[in-house]
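Letters A, B, C, D and E mark the chains as written, and numbering starts fresh at 1 in each.
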Amino acid sequence: MEKENSKKFGMVIDLDKCTGCGSCMVACMAENNIPFREDETDKLLSVSWMHVYRLTNVKPFPDTEECYLPRPCQHCEGHHGHSPCVSVCPATATDYDMDTGIVSQIYTRCFGCRYCMAACPYHVRQFNWWDPLWPDGMEKSLNPNVSVRMRGVVEKCSFCIHRYQLAKDQAYMEGRREIEEDEYQTACTQACPAGAITFGDLNNPKHAVYQMVKPDKKNGGKPKNPKAFRLLERLGTNAKVYYLSSREWVRRAGDNYLKTEGQAKHA
Amino acid sequence: MSTNEKVNEVSAETTEQDDSAAGPIILFFIFGLVVSLVIGWVVFPKILYSRKQQPVAFNHALHNELVDEGCESCHFFREDGSYSGVPKLAQCIDCHEEIQGESAEEQKFVEEYVAKEREVPWLVYSRQPDCVFFSHAAHVKLAGMDCVTCHGPIGESESLKVYEENRISGYSRDIWGKNIAGFKRNTWDRMKMDDCAECHRKNNVNQNSVQTHKGGCFVCHR
Amino acid sequence: MKIDRRSFLSFVIGGAAGTALSPLPWKLTDDIAIWSQNWPWTPVPQKGEVSYLNSTCTLCPGGCGILVRKVGERVVKLEGMEGHPVNDGGLCTLGLAGTQLLYGPTRVKTPLKKVNGAWRKISWNAAIAEIVEKLSDLRSKGLPHTVACISGSDRGTVPELFNRFLTVYGSPNFMRTSSIQDSYELTLFLTQGVRAMAGFDVANADFILSFGSGLIEGWESPVYMFRAKSTLRENGGRMDQIEPRLSKTAAKSDKWIAISPGTEGALALGLAHVIIKEKLYNKKFVDTYTSGFEAHKKLVIDGYPPDIVSKITGVDTATITALAKDFARARKPLAICGRGKGYIPGSLQEFLAIHTLNALVGNINQTGGIWAVPEPDYISWPEVEMDKIASNGLQQERVDGAGSKAYPYARYLLGRLPEVINSSQDSPIQVLFVTTANPMYAMPDTQAVAKAFEKIPFVVSFSSFLDETAVNADLILPNHVFLERYEDVPAAHGFPKPIIGLARPVIEPLFNTQHSGDVIIQIANELGGPIADAFPWDSYDACLEETLADKWDALVEDGYWSDEVFSAADWSTAFETDSAKFEFTNEDIESLPRYNPLKAKGDEAHYPLVLIPYDSMRLASGHIGSPPFLIKSVEDYILTANDVLVEVNPATANEYGLKDGKYAFLRTPKGNARVKVRVFDGIMPGLVAIPRGLGHTAFGRFLAGKGVHYNALIGPVEDPASGHDAAWGIRAKLSKT
Amino acid sequence: MDSALIPEGVKRCPTWQFIIWIGVVGAVMMWGVFAILLVYIKGLNQTNMNNAYGFALWIWADLTVIALGGGAFFTGFLRYIIGKDELKHIINYAVLIGFICYSSALLILGFDVGQPLRAWFIFWHANVHSMLTEVAFCLTCYFGVLCIEYLPLALENRQIDKVPFFHHLSHNMHEIMAVFAATGAFLSFFHQGSLGGVPGVMFGRPFGFREGVLIWPWTFFLFTWSAAAGGPCFTILITKITEKAVRKKLVKDNVIELLAKISGWMLVGYMVAKIIDTWYWAAFTAPSKGFTLMDFYANNPGSVYGIWILIAEIGVCGVLPALILITDKGRKNRIALFLAVLLAVLGVCLNRWVMVLQVLAVPVLTFENWAQYLPSWQEIATTILPVAYGIIMISLSYRYLPVFPQERELNPIEAPVSQTQEQLPEPETPPAGAEPEPSPSGS
Amino acid sequence: MFPFSFEWIWDMGHMVFHGGLWYALSIMGLGLTYCIIKAAVDTAKGKGGYHH
């Protein structure tokens, strides 16, 4: 299915560096015209493409440890693009692109059945329960490169696909067909003050993301780097967001294990 | 008439219906059919679209003769690969700081807009909705297509046609196409998603979708 | 032919068939669907030419370079400037949400005057005329010293213009809002004899020992600290966090050492005890470049052995010993202090104790150490010529007592102001200017502050936003926001090198606002005489360009100017004390009260718990209120609906019958509030932690009314050594509702 | 007043009583309509659904009414394809119940989506790989079949039947009903199954996910099977309730018992399959994803999703009714029969509840918690609406159409069909308590 | 739904799925049409009542 020179954009998030500061979330909101309401404390009603989770080792004081885990759309490949959400959409409003590996979401096609939300184990898909409204004048800060979603549709992180589109335009203008690694970076990657997020083409051995996790193509994209893991790898989602952590309990929190299973199952 | 009588016989036994013949019934059917067809095909399109005049009657043909680089003289690419679209007043001012010729429209343009530094509220026939990402660079710079393929021979027009706006959707009629049934003859007659997809399919451009094996969504959407 | 039921039915059926065969139903269905895709109330952002402009963020003292993305004439996004020495492309939550401040609904759109408690629009000329009249009046009465100014900073051209104005007008009462800057300045002054800013070369250290500093909660220059922390980790460096609560910084450290709040100084002395006793200190530095070591040695050896320190701090002796050894043996160990974001100054003795650890390991003015960065000196305006009234006014003692006999070393003591005003019959301040500060929110004991401000007859706010102070002012002269104005950003707090940033207008001012610099120049001109003469510039912009002189072009070009080759002074020349050495102790220090952990206010019997605040990067806690995106990013275990969650240890929760997620009453000697409880393993028993940055009463519906304001629950605790507020908490009681 | 519309040879309650009854139920329905309008105008924020519970009460109601409406297709299948001729005495009612269930399901789907104005995209832009697409197509088509099946009954109304065209139409449709029933059975098999496929294919949700054959997870077959088993039980249940309400025997016992027997054996088969499925899922499928059975049932607040659900579904509402229904004694005992069909119906409801809501409630990411949900009044009102609508449809159909072919035989009227019928107070669907006087024609 | 819609492809999935769909729809459509025409003819012929 994959073509010769197709790309597979993916992300590596170093949880040792991530400080949970929330810059990725806010950068994403500002870049992608995420609406906001007076009360956004019910996170299950709030739209935020990037969400930072707090993980804990569940030990009492003073052995408590915490880790912060930013979670964009995992852009699952599943097997041959069969991500959990794509195949369930009845109206073909979401799709897997073999050239980029990005799971698209077309808001104007979506009619809000929410099957994809039910299918996604990462909760990356969020519904527009309300009309997105901006206080008078604030709509001036909207980014014209990202369409504003209407009430009643599902939305999710797009890996800032508009930046890819714009980068390609620039390349075409300069007579190039291909773009460089640094020409297409997501807003969260760019904003992260700790430099915890790396973005690039997982098919390209020259790209940093490839070098950081060394995805094993023969083994469903599993990382060869022992510090790397993906969320819920055992479900077969074949996600394109990798996490790095030097802490065993953090890596183990990335997936479900039976009590009988050993400590180093993820490797 | 014999069949009618039989009907009457039966109905006379079982119902209190008025007597009537099948002929008139069919006539009524045809009458209803014709009226609704006329409404649907002729009246409805007239009601559906509002007709708007462009603020200034622009003469593409005339301008085309005077510029060196064809369409791109005014509808140009920016350095970052984005496309400027309809020219802003700043561009027009380069030549029209003062009235050049004797056209009344030009005079109106200079007095109403240039002098008052007001942008001209052009109505754009090819305006696509917000969800569409259309890369002029990919089509013109990379694929080397000409403007006519999508926009038609607008460069040769001497005046701007009436802008017809769909009262419900707000789209220009040119998106759906002049033909209310949605048929088209030329590549530029319609600008719906299927028209983009058709050309992409023919040229095997970005046929990356896992679902449809056709164009990936994020090629044209955002 | 009769039209009966049947023929009508036939007509209808024919009509239905015809309609189905016409485009009408199908086109309508499609168009209605398209309408739903383009609902007119869903905004469509206007397209336009994209441009990027360099500028500097002024929302906090961090001094990050920003790249402003514009589409046509709209500001669409703020991004970090790549290659900028401070933030190199990264940006914090507040900076990223900056466009919401520009376009947000809390802007003050025109000068406002309070008439009978209600705001009235007023013209700029009228507003300035009113101020001029008041000022002339006071001056003619010989009371120029009753005019004061509270400013968020005392560096850079705008604060200097305010300061200059006060000076030539005749008032010594220019006040800077207090922060750990004050404490570090004092510390450096007392031990090294320099008036300098503390810079921290975190990136090149290999062991950061942080005494509660929120390195990733917004301490000093937030993005620089984030980056430095990542570099530290990349280089294999270690960081230990000493803090009563598992803050994000603690969580991201290699080791979290929980400590009884307020006893950090004692721990530092305890560490010094082990280091000295084990002779692990840097002999070369201590022997050659320091003085007072023996006295200091005696102090820590006698007074702070690990077992005693353990009792004071709650940290066990093994940890103390091991920590001291690890610290001393590290190649580039660096001890830092100033809790959370560092917005509260803290105890001077604590700062001294912790700073002397750096001296023991000789990591002063070294790579990976603490640097004394010279204060910016690019402003060299001609001396002011004062008339007699001004000279007399300046002879008066400062109203906050800074520099007086009682507080000889402090430059500004804004924290004392409310008490001074409240304890006098008539307010010693008649006119107060407030610029880039929001004291009515940011100062402890909100009620006392409000009472004091109430007593000041005329308060002028220069705020761009309707913040708490502006709401309670008599006149608002709205400044442009940072995206609409020029301003120099003279330094990045905590950054180890001199750097000047330039904030610049990327957009025409949206509203009828004016640059505060211009307003001051105009007021000065209207007042005439020597005051006008001191302000010879046509406009603020002209003043700025002239001031920055040779740096101007670089600033406009790059957005910043930095001294790349700067390195802190060599040990042999670095210390400007009497001994020309680093002084562990000296007469001045000896004259100060001895180290003694400052107690939290309140009596233990009534208030069995201790309330401490904490900072979060997702909550702006300075003079800017959190814009909607920031509040949106706040975790649901901090804020739920309008209720703030306070953290307590499970043991404490058990003891007082508190349940996770349930309401409770929080009482302190200063106030009380209804809160929700979050049972949290990451906090010491006996404590209650509450986030800073909530409980706003101003800043509009996206912020006001959310959560509880920490400053309403606490009062200042005066540090006997410096006069600054050193409160780190207050005694509290938490009970079921 | 409306005596001309009432079928010959049967007695019905007086018009005023009927109008009051319809008025009361209609008021409940209007409450639901009001809630629907709110949802349409203001959006789905009127519900308590959230990003964790994208599917909630409505989808449960949807799956449930479709499963329970399964009586229509399965009875039709038995009657027309298998040739169980006795069932012609209950097929009308089964079709009516099916019609109500499916129209309700479509209505619910109509307001459950976020963008009702473009809900037709599901057809136009169909993604054939989606179970929901399959559901939508088959559901709509099968609803068409049900309309076709219900139409002849409606045309048999005394007055409509007088029109020769309608009379002939009704007759001709009856003639080829087997073709429609077969199509209906085919469609039903697929959409019941596809509804089962909805959770079954969600490989990101280990609680719902099942392995299977080709594109179909086991839940596909289990749903079809349970609908075939539970649907007729629902038909029996509603028939029994209707008989109680009108205090008349409407269907002969042998018909009911035949249907009950078949349901019983279907239920036995379903239970065997369900137990094997549950075992395989607990022993192999879930552990391969890192879950044990109790991970799905333990540690949730208030044990809302405790292991009791599984016990209730399989034991109390599965095996027990199956055992009652396959024994002669059980079927003959009126109380046991009633209890058995009621339990079987509850079992189906519970199964659908679990397969919609618990799938979403179980935390999959290790650092998430059980999601909780309580429906808003708007959701409850709109979910009650189909019940009210169903009662109205049954009341109208019962009053004006010859729904029960055996009614005349079982409830002979002495007096000739004339004015007297109108004067006699005749009980209608309202519960017994609402009856002004005992029915003279109870069996 | 139709071969001219964007999502349509001539593959197994579509042929089976839409094959089934159109098959069912045609049976329903044809059956209904048959009934209506036959009823019209019967009415015209004036057939008497049936009893079922």
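Convention: contacts are C-beta pairs under 8 Å (C-beta built on N, C-alpha and C of every residue); 3 or more make two chains touch, one makes a residue touch a chain.
Everything numeric here is computed off the predicted structure, so don't read it as measured data.
Between chain C and chain E, the least number of touching-chain steps is 2.
Chain centres were defined as the mean of their Cα atoms; on that basis the chain farthest from chain C turns out to be E. Distance from each chain's C-alpha mean to the overall C-alpha mean is smallest for A.
With A-D and B-C as the two chain pairs, more C-beta contacts join A-D.
Work out the mean CA point of chain D and of chain E, and you get 26 Å between them. Distance between chain centres (mean CA atoms), chain A to chain C: 33 Å.
Averaged Cα coordinates give chain B a centre that lies 48 Å from the centre of chain D.
Within chain E, contacts with two or more other chains are made by residues 6-7, 43, 46, 49. For chain D, residues that reach two or more other chains under the stated contact definition are 115, 118, 121, 125-127, 129, 164, 167. Residue positions 32, 35-37, 44-45, 47 of chain C each touch two or more of the other chains.
Of all residues in chain C, those touching chain B in their complex are 1-2, 4-8, 10-19, 21-24, 27-28, 31-32, 34-35, 37-38, 40, 44-45, 47, 49-50. Contacts from chain A toward chain B in the complex involve residues 1, 3, 6, 80-82, 86-87, 92, 94-100, 102, 104-109, 145-148, 158, 161-162, 164-166, 168-175, 177.
Across the complex, chain B meets chain E through its residues 3, 6-7, 9-10, 14, 193-194, 197, 211-214. Those residues of chain A that touch chain D in the complex are listed here as 42-46, 53-56, 69, 78, 84-85, 87-93, 109-115, 117-123, 125-131, 150-154, 231-232, 234-237, 253-259, 261. Remark: chain A residues 16-17, 19-23, 25-27, 29-31, 33-34, 36, 38-43, 46, 48, 54, 56, 59-62, 64-68, 108, 131-144, 148-151, 190-196 touch chain C in the complex.
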